[in-house]
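Naming follows writing order (A, B and C), and every chain is counted from residue 1.
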């Protein structure tokens, strides 16, 4: 079943730089897709368009069959009503490169505030779920700590828990390990793997090839605003077909 | 939700301000609001009991009683006296208010008291005449009659000889300066000077040569002759009843009245 | 004049000073936030209007603003004013003046917030006003407390300007007593009062700062 798809996405910035040139991606349930590519390739913009932080100039955006955006007759993107978009927002979660935890909220409140005050779910139920999530993240003892008291890896795990608490259908990750010390990427990798084992649908933007190979079913290589190559994680990395993919991988491995 | 409370507070603020505007119109003519400088003894100042008192204020209260009005003492910032009078927040200025030089700026009652501007120095000072002030520092209160006198043509040459003419906000600080030796003399009103050196005659003295002789009256907004006339006749009644003499003897130990009615009686 | 009379007179002036201080803060702190939001508004008219307002409030002396607010209705519109308006004119003039300073402090605080906080809230589905009230404002307050404290302490000392429209606050009373009693005692008392007032405010502000110290 298709959980998320973006079709023919185009986006230029004011300086006429075309960051996305007709990109289409579709992700089905339980799949883990990694988007890799050099910096400036458009992978972050793509993720921001997918999570409604940025608007596309042209293209469609669909979550579990519900249209968040579509093209009008002139081929320009039209977005759904704010009310509809609010509904759709609870279908996905986003984990930021810099965590973006709310520093004035405790770990528990970071996780539970949105489900309680935005999704209007029962407080007891949300609290219980949050405890389970914290346990899963290995942070049971940190429920009442504040973000500044945690290590980077712990903060990133809290932000994953915060996204999961909304019960999304799909989870996006924007460079989840690049703000962390290399030795801390392992704990994030473990968390993402355990989520994959539970058939969580995930899209991970990363420039760490090993990380992508370790967690992803499928790798999408983007450069210059287009998809250059995509395929099975293992085969794309060990046997790239496109010259640009080869060059990118070579540069990383050197 | 919180935005609403901001709106509420703003509305409240507006309401409060508006209501204070409307209280303006409710202010019927049952009071005589006397504007005065509360740092100006013995005409108007804070008395022993902490209430406003003074020669002029007592006279104003007696006059208001005759007129059937309730007297309200309104201390004002002296610099703003014209704005206060024009805008109607005070009815008159009754506060050792010099007529000379201001004849056309206010509606005046008849002059009720003689006064003058004098020079006050330390008792042991070598200053004896106005000429001796050359090379000295002289302090004077801002916007006062003494300053006006010094700035007039008559004293242009004398002031040019001063080491400095120091314009201070109030006499009180001038006295501190005099005591400290920072100024050599203070140009000020005769009665104020007399009051200030009471019991301190060994410390200060007043030069015999006066800067200016002048007269005091009650000042009203130009055009407000109606109230002026009422106060004038109230003053005359006070003279007739002997109350005027009583009040002036209390403050100056002589009957200070110089109105024509007093001269007629004498 | 006995000491007790002097103190009770000074006490009356003190109540006026404290009232001016409290009411000014009560009105200007929320008003400043509204002005700050208008200053950052997308509406160009609103934005420029508040920009001019702030520039006038900060660019002219508070004493002049007091005179304009009090005498303005008469001189500009011919509305006669009464003495009852004096006190409220002080509160109004102080409030709109301090709101301008507070607005710029709020604006600095709001603009210093990292974009990531807005984006995280947006992805979680917070509305714009929820984001502002729950996520942004609490953090802004923590950031701007030291700057606010500065203004608040200046306000205490500025209350003595109220006499320019004949509201007899603490310092004016002290001056009047000093001139009628030929004594410096009232000035000393006034000095002690201002110092203690400032001290109390500083302690209160410090304790608020400490209270917000639970996070960084």
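To be clear about the criterion, a contact is a pair of C-beta atoms (placed from the backbone, for glycine too) under 8 Å apart; a residue touches a chain by one contact, two chains touch by 3 or more.
For clarity, every value in this text was computed on a predicted model and none was experimentally measured.
Any chain touching chain A that also touches chain C would appear here, but none does.
Greatest centre-to-centre distance from chain A is found for B, with centres as Cα means.
Here the two chains linked by the largest count of contacting C-beta pairs are B-C. The most central chain, judged by the distance from its Cα centroid to the centroid of all protein Cα atoms shown, is C. Per-chain Cα centroids separate chain A from chain C by 46 Å.
If you average the CA atoms of chain A and of chain B, the two centres end up 79 Å from each other. With centres set at the average Cα position, the gap from chain B to chain C is 33 Å.
Chain contacts: chain C has no residue touching two or more partner chains. The part of chain C that touches chain A in the complex is made up of residues 114, 116-117, 119-126, 130, 134-135, 138-139, 142, 214-216.
On the chain C side of its complex with chain B, the touching residues are 1-2, 5-6, 8-9, 26-27, 30-31, 33-34, 67, 71, 73-75, 79-89, 91-92, 95, 129, 133, 163-166, 168, 172-173, 175-182. The residues of chain A lying in touch with chain C in their complex are 51-53, 86, 89-90, 93-94, 96, 98, 100-104, 113-114, 117-119, 146-148, 162, 166.
The residues of chain B lying in touch with chain C in their complex are 1-3, 5-6, 9-10, 13, 16-17, 20-21, 23-24, 27, 33, 38-41, 45-50, 72, 74-77, 79-80, 83-84, 86-90, 170-172, 175, 196.
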